[in-house]
Amino acid sequence: MDLFVIGITLILTGSLAALVVPADWKSRLSTLLSAAGCVVVMGGALRAIWNGGAEVRVVSAGPFFGDVPLVLDELSAFFALAIALTCLLGGIYGTGYLRVAPEAAPARPERLGGHFFCLGLLTASMLLVTVVQHALAFLIVWEIMSLASFFLVVTEHWKEDVVDAGLNYLVSMHVGVVCLITGFLFVGGRGAGMDFRHFAAVFQDPAFPAPEIFILFFVGFGIKAGFVPLQTWLPRAHPAAPSHVSGIMSGIMIKTGIYGILRVVTWLGKPPVELALAVLVIAAASAVLGVVYAIAQHDLKRLLAYHSVENIGIIGLGIGMGMLGLAYGAPMIALLGFAGAVLHVLNHSIFKALLFYAAGAVYRRLHTRDMERMGGIARRMPVTAALFIVGSAAICGLPPFNGFVSEFLVYAAAFSGLVGQRVALVLVSALVMAVLALVGVLALICFAKVCGVAFLGIPRQPQPPDMRDPGWSMRGPMLLLGVLALLIGVLPQAAVGLALPAARLLAGASALPARLPVIDLLQRISIIAAGLIVLTAGLMALRRLLLRGRPVETFRTWDCGYGAGTPRMQYTASSFAAPVLALTNPVLALETKLEQPAGFFPESALFETHPGNIFEAWLIQPVVNRLNRFLTRFTWIQSGSTQRYIFYGLVFLAVTLVWMAVV
Amino acid sequence: MLIAILILFPLVAGVLLLGLKSKAANVATIYLYAVLHLVISVWLWRQPSSLLPFFRVDNLNILFLLVLSVLYLGVAFYHGDFLKQSGLSPRWHTWYAICLLLFNCCMTGVILSTHLGLLWVFVEGTTLASAPFIYYEGNKAALEATWKYVFICSVGIALAFVGIILLSMSAGDTVSLFFDDLGANADKLSPFWLRLAFPFILMGFGTKMGLAPVHAWLPDAHAESPAPISAVLSGTLLNTALLGILRVYRVMDLAGQAAQARILLVAMGFLSLFVCAVFVLKNRNYKRMLAYSSIENMGLIAIGTGLGGVGIFAAMLHLVAHSLGKASLFLTAGNILGHYGTKEVAGVRGLLRVDRTTGWLWIFGFLALAAFPPFPAFLSEFLMAGAILDGGFAWMLVPFFLLLTVILFGMGHSIMQMAFGDPNPSVRRQRTPLVNYVPQVLFLAILVMVGLAMPAPVYDLVQRAAVSLGGGR
Amino acid sequence: MLNLAVNLVILFGAPLLFVGVINRTKALWAGRRGAPLVQPFHDFFRLLRKGTVISDTTTSVFKLAPSVNLAAVLLAGLMVPLAGGGAIVSFEGDFVLFAYLMAMGKFARVLAAMDTGSSFEGMGASREVLFSGLVEPAFFLLMAGSMAIAGQTSLADALPALQRSGGLLQVALVLGVISFFIMLLVEGCRVPVDDPNTHLELTMIHEVMVLDHAGPDLAFLQYAAALKMVIVGALIAALVLPAAMPLGVSAAMILLVLAAVAVATGLVESVTARLRMTHVSQFVFMMTSNGLIVLAVVLLFKFGGLR
Amino acid sequence: MINFLIVLFGVTMLYVAATSRIEAYVRVLVAQGLVLFLLVAADWQSFHLLNLLFLAVETLGFKAIIIPWFLRRVVRRNGVYRELEPYIPNFFSVVIASLIFAFGFLLAYGSLDFARDIKPLYFGVSVSTMLTGLLVITTRKMLVTHVAGYMMLENGIFLLSLSMAREMPLLVNLGVLLDIFLGIFLLGLFATKIKSTFDESKIDALTHLRD
């Protein structure tokens, strides 16, 4: 706990320093301090996880707030670890990212002061979110987190689309916090006050409408996390933000929503089955739709943003399996489910940040996010491309990378349910496995498209002369993340070891054996993952051996003998995704621009697809429009005529007088 | 003694200024009075005192007094540059100064007076003293706004007077109209007349306070008057009217007649929220938008008061939050008007590019009003929601939060359109001295301090005020 | 130990033979004598001995991909049950790793194809990922069905359970065999999903993806493709063969089943035309519906008490 | 005698509701001023001298002379003598006014048992006067009519404050204050500014500020 507090203090001093120190020191100093803070926090978190049990410190915060307990238990510690890690690397990457001037506005160093201030504030508030266990204080930290991220999203505020993104984000966050406020008030109203540690008792009191309140919390936290149908802010905000911010937000900030949900689960005790099923349905929908929308995107960062929705869905499946396990009193299933969810939080924060950073590196060179204008990046930016491919493999859950481990845990939860004796559990588990498989496949399609179209092949438009891998401040974090992705994939035991205490806390499984069978499975997996690497290396060696002394020529790609191939003849992202989109059209609200080629020598032809979002089109817009129409129907109130104004008063007076006199 | 200074200084100074007719003297006096006001209010906060039977500092009005002084201090300093820019002739310059002094004097009087009749006189005085400001720009629109302001408020005031007469009827000849007296003998009051009196008073002062449905004059007046005056109008004038209602409401409460009064307050509050929601969605003029948001916040305060208990604490806290936040927004709006020369939202783009400080002040002011932490409005709305829940009206949370969200969206839309984006190249950044930023920064800083780690004194201030209204945490 | 050796031999030897059988079948059906069964071996080693031509647009991804692909498929192969009723590597939930290793191989192939920047290979890649993608959920459903019956969660233990229980589950068994056969057609890129010896790039899937590979790279890719067919064939074998048999017998039986599957593939390829691209997805989706039915049947059997 | 005066006062309001001639309103104001003066004079013993003088000046001088004179001047200058197209036909406003009066008397009657020491008739008439004044304001269009209506409202309030039988000089004087301040202010603003700024003095001219 002490380490934790020290770390946060360091981070905050760093962010404040960004405001005061001279311009050219802002980024370095604040990044240095917050990096140090993050490291310290990681130390504290690790110690907390290994020691086990909750470290409590009660801060008395004046007459209004009263005593605010800071609790660092296994769950908080794990999230704190992930947050600190992501923010550490994100901050370092950011210094490099911002050094290159964003187009259309001079990045005058003093402008960056506010940016790094917000960055530090975001880091600190996220970390605090995981430990503050006082409803009101929690909400304040939560909102400060939202605000800090909001300001980071609008960093490049002179761009027009930023207005839309920022407002949408702000309003969504407000809706979310409204749900949270209501939830906390309901709980607090039952005499629990503001202290989380009393909430469990309230939730488990049979008179308390626990499921309804859980749903309230789920909605509130789910908006932040980006579950469908309330994810609409996400694909807007992430492209608008600078890439390191996108990485941090998509990598870890949305996970604070997951943290919130898990925290509520700890209060919930034994949830009803229906609740777990509801969570599973929402999660499945998020996973599938998220990836389907991602496939339809051409904007690289928007695509990655939609993948956050998908991964949140996978995490949600884990949580759902966990809750199902709790509901059926099957601690092992619960443990595996929660472990998968919690570990996937860390994994996703690693590979998603990696992907966003690589995308950012590309964006800095090409100044476009449109994949159709990319291509052939790998030849000029090999490191970036390689790392992006690693990230892609990881996010598709392919061995030997980290994504597979957490997904395997969720699968494990599913197939341990499968061999059980409860028909519902068997059915649900089978379906969960099918959904996970489907999502994995679609993710693979999506990233095959991204890597193939954007990074491989031939450039679709002339590349700028400075088209090369970014400097070390950007490359370092990416490399580190790539290594982590591989490391966790090859040696999953350690990472799972970090996640298991939190999972035990959630599963409330003190009954479980100290050494879990899943650990052995992980041994096998790590052997095979290592085997994959070794075998590949061996085959490459064999290949070299075979080719020694044999002719190895290069020639242009086979083009059916038509010698004048142009880059524009490559398969485009739209065409690559077309077969899938044809199948998923119903949920896409896809609008297609098609101009058929005409005549023997067609002058022009056009095929574009622009994905919509059914939730926006069919769920949110109608509500907003109806409300809007309803309200604007009352504009006659302010008609400008004095008589009418006085008449209102007269009517009001008459009514109230009569009412007062009669009642 | 101190109170006497507060009340009399403007009158004396006004006469002198009329003689002097020197701009420097005017500005100096405005500053002097502002500082004096703050010093004395703080002093009175530490040692409450009274003047005659007619003026006294008690737990309730000290809160209002302090808000008034702090806000007036800021506004006064903002005036330093504003009056320089205004290019008024010495004569009008002097009159402006005098009206400002008198306006503030009347509001102080309203806050401090212990007698209903006296309070009423001062409220009327505020109308008279503030009307010239609304006519400041001298064009048709200004005239119309002034006419509506004066006429509607006069009718309101007149009806409030009726209310007072009815109240004194219920008091009979045994009880005077001193609040203490009324409070002490609440049981002797005749309920019938009391209940008849309340609607009149509620409507009368409610008109001045800008509660729907008798809010109609407010947007016009606040939009037409110069920025610093809008700040005062919205930041303190409304509060003073509220104080009148609170005083009488307290009497109703003690007399055990509050049940319906509460319902009335809550109803008016929600109506105000609704009105704001309707007009903030489609607003074109950013000063009008701020005015509507004043209506909204008065509505919130009314709701909190009506709910009682924690709600009253929330209302008092919200009063502080709104006054300072709204004042800073209006002052910032003054800067924007200076840069762009238009009150139309459509005419303002890329504020952050034109004048960063103003832009950020604009955004932060909005956040302060939109109840985002670390601003205290968040705490007050949280407590208000809690009060609604404690009252057992869980369903009420739905319209409550729905309307608030709509308002957040409406305001946020305009605010961001103005702050973000690329400015029209023709826009010229006007010279803006430090005094055009300092007050807002000051206000927002105070708010952050209150909202993030409410210091014990502030807490006591609010809590005492709430307790003296029979509520509190 | 012997067990392991036998299995490795089957695993590594069978693929090329499998292709040989298929081609021979087609030839016989077409009334030709056809190439000898070992022809694929000759081709394979010829390719290994050749040099290679590499497209000038490609990066090292192109060179790396065949090895990654082959490695992934080989490792996946270690988990399928072979002779002696056990796999070389087998643990709870190994089917997940199995599926994802196959996917890893596919990912590598697709990237290699996209790396050439050829529109044809892009086309092929896009089809490949979709069609073989549609297989996976179905595979997991089938596994779910058999696991629910077996109460075991590894490929080797789960698959035999279907035919062991008999009764109503015969239906599930048949459907399972059909499904795995479809899977084989897809993974092996055979008619009616894909036509290995068409000459029109526009209609190819797997073949067009490897257009630009030559020499050892091509050898690796083709070997991996054949190996995949054997792997799926082995899955079919695991479904139909009784679990407990002496090693020799079961090895023979497995080879028999593999041969039968190869012949069947050849016959299908001879008698049917390839489907239109737009119809392939329906065809592959049949597998998913089978999977659902199997699951339903299993649930009825296990919990509904239907026998 | 007193009751007769009060009834007379009420009748004038009905007349206001009925007529559409602006000068009639002015005359009514004069009449009401006189009536109020007489009422004050009638129970002179309940006021001490200074106060009495003050009230006399207020009622007679201010209510009955200055304001009417002022309004007449405005009317003459505008040359608009009639309240054309009111929002509702005069007939209805008469009906409403009479209803209001009925309500007023009912209220007075109802208030009898609560009344500690007020004169019910005063009360009823004053309430109905106020309401009618508001009615006039809300149904007529000419600004001058509005001012007149407002003045009638004031008179009603004055009457109400008189209706307290016991001596309430404070309140009465406050009422006077109200008159003088706002009366002067409104008229000043109205006469000096609005006419010069807006060509016609219809209230419609003042409906530009709207949303």
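So that you can tell them apart, the chains are marked A, B, C and D in the order they are listed, and the count of residues begins at 1 in each.
Rule of thumb we're sticking to: a contact is a pair of C-beta atoms (placed from the backbone, for glycine too) under 8 Å apart; a residue touches a chain by one contact, two chains touch by 3 or more.
Just so we're clear, the structure is a prediction, and the values are computed from it rather than from any experiment.
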**Prompt:** Chains in contact with chain A and with chain B: which ones?
**Reply:** D
**Request:** Taking CA centroids for every chain, report which one is farthest away from chain A.
**Result:** D
**Prompt:** So which one's got more C-beta contacts, A-C or A-D?
**Reply:** A-C
**Message:** Distance between chain A and chain C based on Cα centroids, please, to the nearest Å.
**Reply:** 36
**Item:** Mean-CA-position distance for chain C and chain B (Å)
**Value:** 77
**Item:** Between chain D and chain A, distance of the C-alpha-averaged centres to the nearest whole Å
**Value:** 70
**Message:** Between chain B and chain D, what distance separates the C-alpha centroids? Give it in angstrom.
**Reply:** 32
**Request:** Would you please write down the residue numbers of chain D that are in contact with two or more other chains?
**Result:** 134, 137, 146, 206, 208-209, 211
**Fill in**
So chain C residues touching two or more other chains come to none
**Request:** Note the residues in chain A that touch 2 or more other chains, in rising order.
**Result:** 635, 638, 642, 644, 646, 649, 661
**Asked** Among line, ring, star, complete and other, which one matches the pattern of chain touches?
**Response** other
**Asked** What pairs of chains are touching here?
**Response** A-B, A-C, A-D, B-D
**Contacting residues of chain D [partner chain B, same complex]** = 111, 114, 116-118, 130, 134, 137, 146, 150, 153-154, 157, 160-161, 164, 166, 168, 170-171, 174-175, 177-178, 181-182, 185-186, 189-190, 193-194, 197-198, 206, 208-209, 211
**Item:** Residues of chain D defined as touching chain A within the complex
**Value:** 87, 110, 131, 134-135, 137-141, 146, 203-204, 206-211
**Asked** Hey, which residues of chain A end up touching chain B in the complex?
**Response** 61-65, 136, 139-140, 143-144, 147, 154, 157-158, 160, 162-163, 166-167, 170-171, 174-175, 178, 181-182, 185-186, 188-189, 627-628, 631-632, 634-635, 637-638, 642, 644-646, 648-649, 651-653, 656-657, 659-661, 663
**Request:** Name, in rising order, each residue of chain B that touches chain D in their complex.
**Result:** 117, 120-121, 124, 127-128, 131, 135, 140-141, 143-148, 150-151, 154-155, 157-159, 161-162, 164-165, 168-169, 172-173, 190, 192-193, 219-220, 223-224, 279, 282-283, 288
**Asked** Touching chain A in the complex: which residues of chain C?
**Response** 48-61, 63-64, 66-68, 70-72, 74-75, 78, 89, 91-94, 96-97, 99-101, 103-104, 106-107, 110-111, 113-123, 125-127, 129-130, 133-134, 136-137, 139-141, 143-145, 147-148, 150-153, 201, 211-212, 215-217, 220, 277-278, 281, 291, 295, 299, 302-303
